[in-house]
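Report on the structure given below.
Lettered A, B and C in written order, each chain numbered from 1.
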Amino acid sequence: MSDLCHTGRRRALCTIAAIPAAWFGKPTWAARTQSISSRQRLICIGSAVTEIVYALEANDLIVGVDTTSIYPDAARSLPSIGYSRTLSAEGVLSLSPSQILCTEDAGPPVVLQQIQDAGIQIRRLPAHHTFTGVCDRVIAIGQSIHQQTRADQLKLQLQQQWARIEDAMKAKPFPNTTPRVLYIHSMNPSQVMVSGQETNANAMIRYAGLRNAMDGFRGYKPLTPEAVIVANPDLILVTDQGLQAIGGRSQLAHLPGMERTKAILSQKVISMDAVYLLGFGPRMPEAVITLHRQARALFG
Amino acid sequence: MQLQIDHASLQLGNKLFGPFNFSIKAGERIAILGKSGAGKSTIVRLIAREHQLKSGSILINGTSMNQYSSAQLSRIRGVLPQNTQIAFGLMTDLVIELGRVTAPNKVNQETIVMQAAQMACAEHLLGRTFNTLSGGEQARVHLARVFAQLWDANDGLILVDEPVAALDPGLQYQLLSTIDRFAKERNHAVLAVLHDINHALDFERLLLVEQGRIIQDCPADHGALVDLERLYGIQLEHLRDSQGRSVLIQVHPSGIYP
Amino acid sequence: MRQTASHFDYSTWITRLGIFFIGLFVFLIAVNFGAVDIQSADWLHLFSQQNGYEGASYVLWTIRIPRVLLAITVGAALGIAGALAQSLFRNPLADPGLLGVSAGASCSVAIGIVMLDGFRFIPTEELRVWAIPFFAFLGAIAVCFCLDYVARVVSPGSIAGLLLTGIALNAFAGAVIGLCTYLANDEQLRSFTFWTLGSLASARWLMVGVLIGALVIGWAWIRTLLQDLNALTLGENIANHLGVDVLRLRTKVIVLVATLSGLAVAWCGMIGFIGLMAPNLVRICLGSDQKRVIPYSAGVGAILLVIADTIARTIAIPAELPVSIFTALLGGPLFLILLRQYRSRLN
């Protein structure tokens, strides 16, 4: 019996304590938050959400953001709860939020469950990589923070902007065939992926009036030299952050299979900020027209 | 115990060993001699159940050895191995104590360990870590372990596989006589694989092994001289020492005595 | 011998009490550190107020304490599993991974996430949260038993054969994982990668209870095997001569390692280093007697993991870092320091 030693004893004590206590009803965390202030305390997860809240001029409600919320600059100085996919329950709760607004990639599910069990509402706002999705986000956020009027105004603004952009793109189409674009996603040199169909990058490429050079598959797949050579894209699209991760434009040209592509041979590479290009926030229309204009500039 | 090996043969890779035919009576002391690779250790390993028989049988007290469980066998048969390395650095006390892992009653365990160590001249090694001992010291601890294993058994069998190879001459005789004394006290049989002919002469019986077969089974005295010469391909000379005991000396090839 | 025996006893109890108090101390400190500020009033709240905790008491009860307890139990489970694996393979570099536990768990989680599309067929989110741990555990157990069976058929009666079979199965599992990784879409890939990092964030009282149960039952069983494992240290052949049924011992150890390690991996993903380091640390300080190594590995494993997890969740508040970083950062240098001391003691 003495061999059941220290660990057994400690555990026995805890089990004894746990059994009766664990049978009691669900406690709530919300009570505490209410006692702090009657004002809203928002946590924004995902750059799009943060940007929309800023656009609705409700940024003073924000008490915490994730690591992708880098625009506007002021958002960078807000408390960071880390990477959106690896949240910490305690970390989030320590900011005493009244509600949480997040994009579709917040996680892990267990932590979200724990936060919800604490009585904090989590509002998931997917955009499905579409412009209508962005408008839906704006309206949904407006509802959540009781700024419906401003949200309606913002949505109207965006729709008008979108209409103007569509007209502009139709007015001046590409002279020859539509350029075929390869989007490269590279967060580190050893893991370089390319975008197929049904991704955020693919949506932006299509909206900008371009074509995705990779059309045989869905999602992101590792870069393979033969596939790149066969696809032979006219244009390479990357993000600033991705480009930096692999060591700049010169390194981009040295990726397997890239050297012989039309894009590299004619040096047609476009790089944009990741969050700006793929965030699907209020700057999305602007990003579409920027991409279109830069491509136009390269292809006459 | 009565051990009977009947037409036992086994195959290791390409080599065929056997058929072996011999029996061991309670309390008998047998030495196995032969050249390297002849199959001496194979016989011991066969009885220690480290190899499977290809044909034939091994009977212990009339029952096939395969009918005995490992635990049952361990109470009547002890094995002193050639290789003494162990994985982690256990204390020598524990190593000796492990001899009694299947002993039915664990009373007096400490006393038995102590006495077994004393008998194996390993008492001064208690309290040390096994891996810090020399080859000879490790052999003694293993011997103490075997003693502890068969301490309260009678008519058992001790299998010994070239135990004294790494020991200095003084220690060699000491160990062999210790095994002898221990075995005589409890009427254990001893089956030992040896290299030194004169060590073997202290036993009762000799088994001479050549190319996987037993070529001679004879009493251990100077009468085996001719067979030994043939076995090793050397010349031997029979002498008597100051106490009148028989000694066989190898004649140096050039004719000068060693 | 009498004198030595009582001296032994004295130091053994000092060591046990020492580890117990260190453990208790570490537990109390760990429970007090965290993103949410917990005060003594909140502790009182815990014991006085019976239902409807408020504020920090909620975090303490629902999140903090279960997490620290999970760290203790998982650390203990990994420590024991590591010690058992090392005693089975008679090698201080062995760990449960060699028996295919991590490979099996990863493989089935990968299949679950990719082929079954993240268990979307399960209707409620609440139930879905249990899907991955369940699959991981099944995978771990399945591979271990498969390993035992294949090893029995391919190389009966040998532990070296087990090792080689383990390597082969690990390679096969790796291939399946590679295939799943290739077929995965972005979200699935990230989901899987996150799981492999290892995290104690999903601590719940139920899981703590299950682990405690497994440890108690497991320990009751292991106690009967300790001396046989010591005999195994002398070598497979010698263990056989001494009457130990090595094949059955092997199966029992595999079951124990699979269960303890499988539960740990299932709930927390891959947390490295504990299973490897804890037994080695214990061996350097207290010798290689399994009667000591295995229980103390549980204690050392628990303490290591609690410390690592506490640092992981407090160093970048309000964010959290992967716990494996800190198990390595703690275990490695600690081991080197002890090794130096051990060496100088020998000289």
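Just so it is clear, contacts are C-beta pairs under 8 Å (C-beta built on N, C-alpha and C of every residue); 3 or more make two chains touch, one makes a residue touch a chain.
As the structure is a prediction and not an experimental result, all values here were calculated from the model.
Colleague: Which neighbours does chain A have in common with chain C?
Modeller: The shared contacts of chain A and chain C amount to nothing, since no chain touches both.
Colleague: Using only alpha carbons, which chain's centroid is the nearest to the whole structure's centroid?
Modeller: C
Colleague: Between chain A and chain C, what is the gap in Å from one C-alpha centre to the other?
Modeller: Going by mean C-alpha positions, chain A sits 35 Å from chain C.
Colleague: Nearest whole angstrom, what separates the Cα centre of chain B from the Cα centre of chain C?
Modeller: Once rounded, the distance between the two centres reads 44 Å.
Colleague: Need the CA-centroid distance for the pair chain A / chain B, whole Å please.
Modeller: Whole-Å distance between the two chain centres: 76.
Colleague: Going by the contact rule at the top, pick out the chain B residues touching chain C in the complex.
Modeller: 48-50, 69-75, 77-79, 81, 83, 85-91, 94-95, 98-99, 101-102, 110, 114, 126-127, 129, 132, 149
Colleague: Any idea which chain C residues touch chain A in the complex?
Modeller: 16-17, 19-20, 23-24, 27, 34-37, 50-59, 61-64, 69, 72-73, 76, 125-126, 128-129, 182, 184-187, 189-191, 194, 197, 199, 201-202, 205, 208-209, 212, 215-216, 219, 223, 291, 295, 298-299, 302, 313, 316-320, 322
Colleague: Considering the complex alone, what residue numbers of chain C touch chain B?
Modeller: Interface residues on the chain C side: 1, 4-5, 90-92, 227-228, 230-231, 233-235, 237-238, 240-245, 283, 287-289, 346.
Colleague: Please give the residue numbers of chain A that touch chain C in the complex, ascending.
Modeller: Listed in rising order, the residues are 3-11, 14-15, 18, 21-22, 24-25, 27-29, 31-32, 35, 64, 67, 79-83, 85-95, 105, 107-111, 113-114, 117-118, 199, 218-222.
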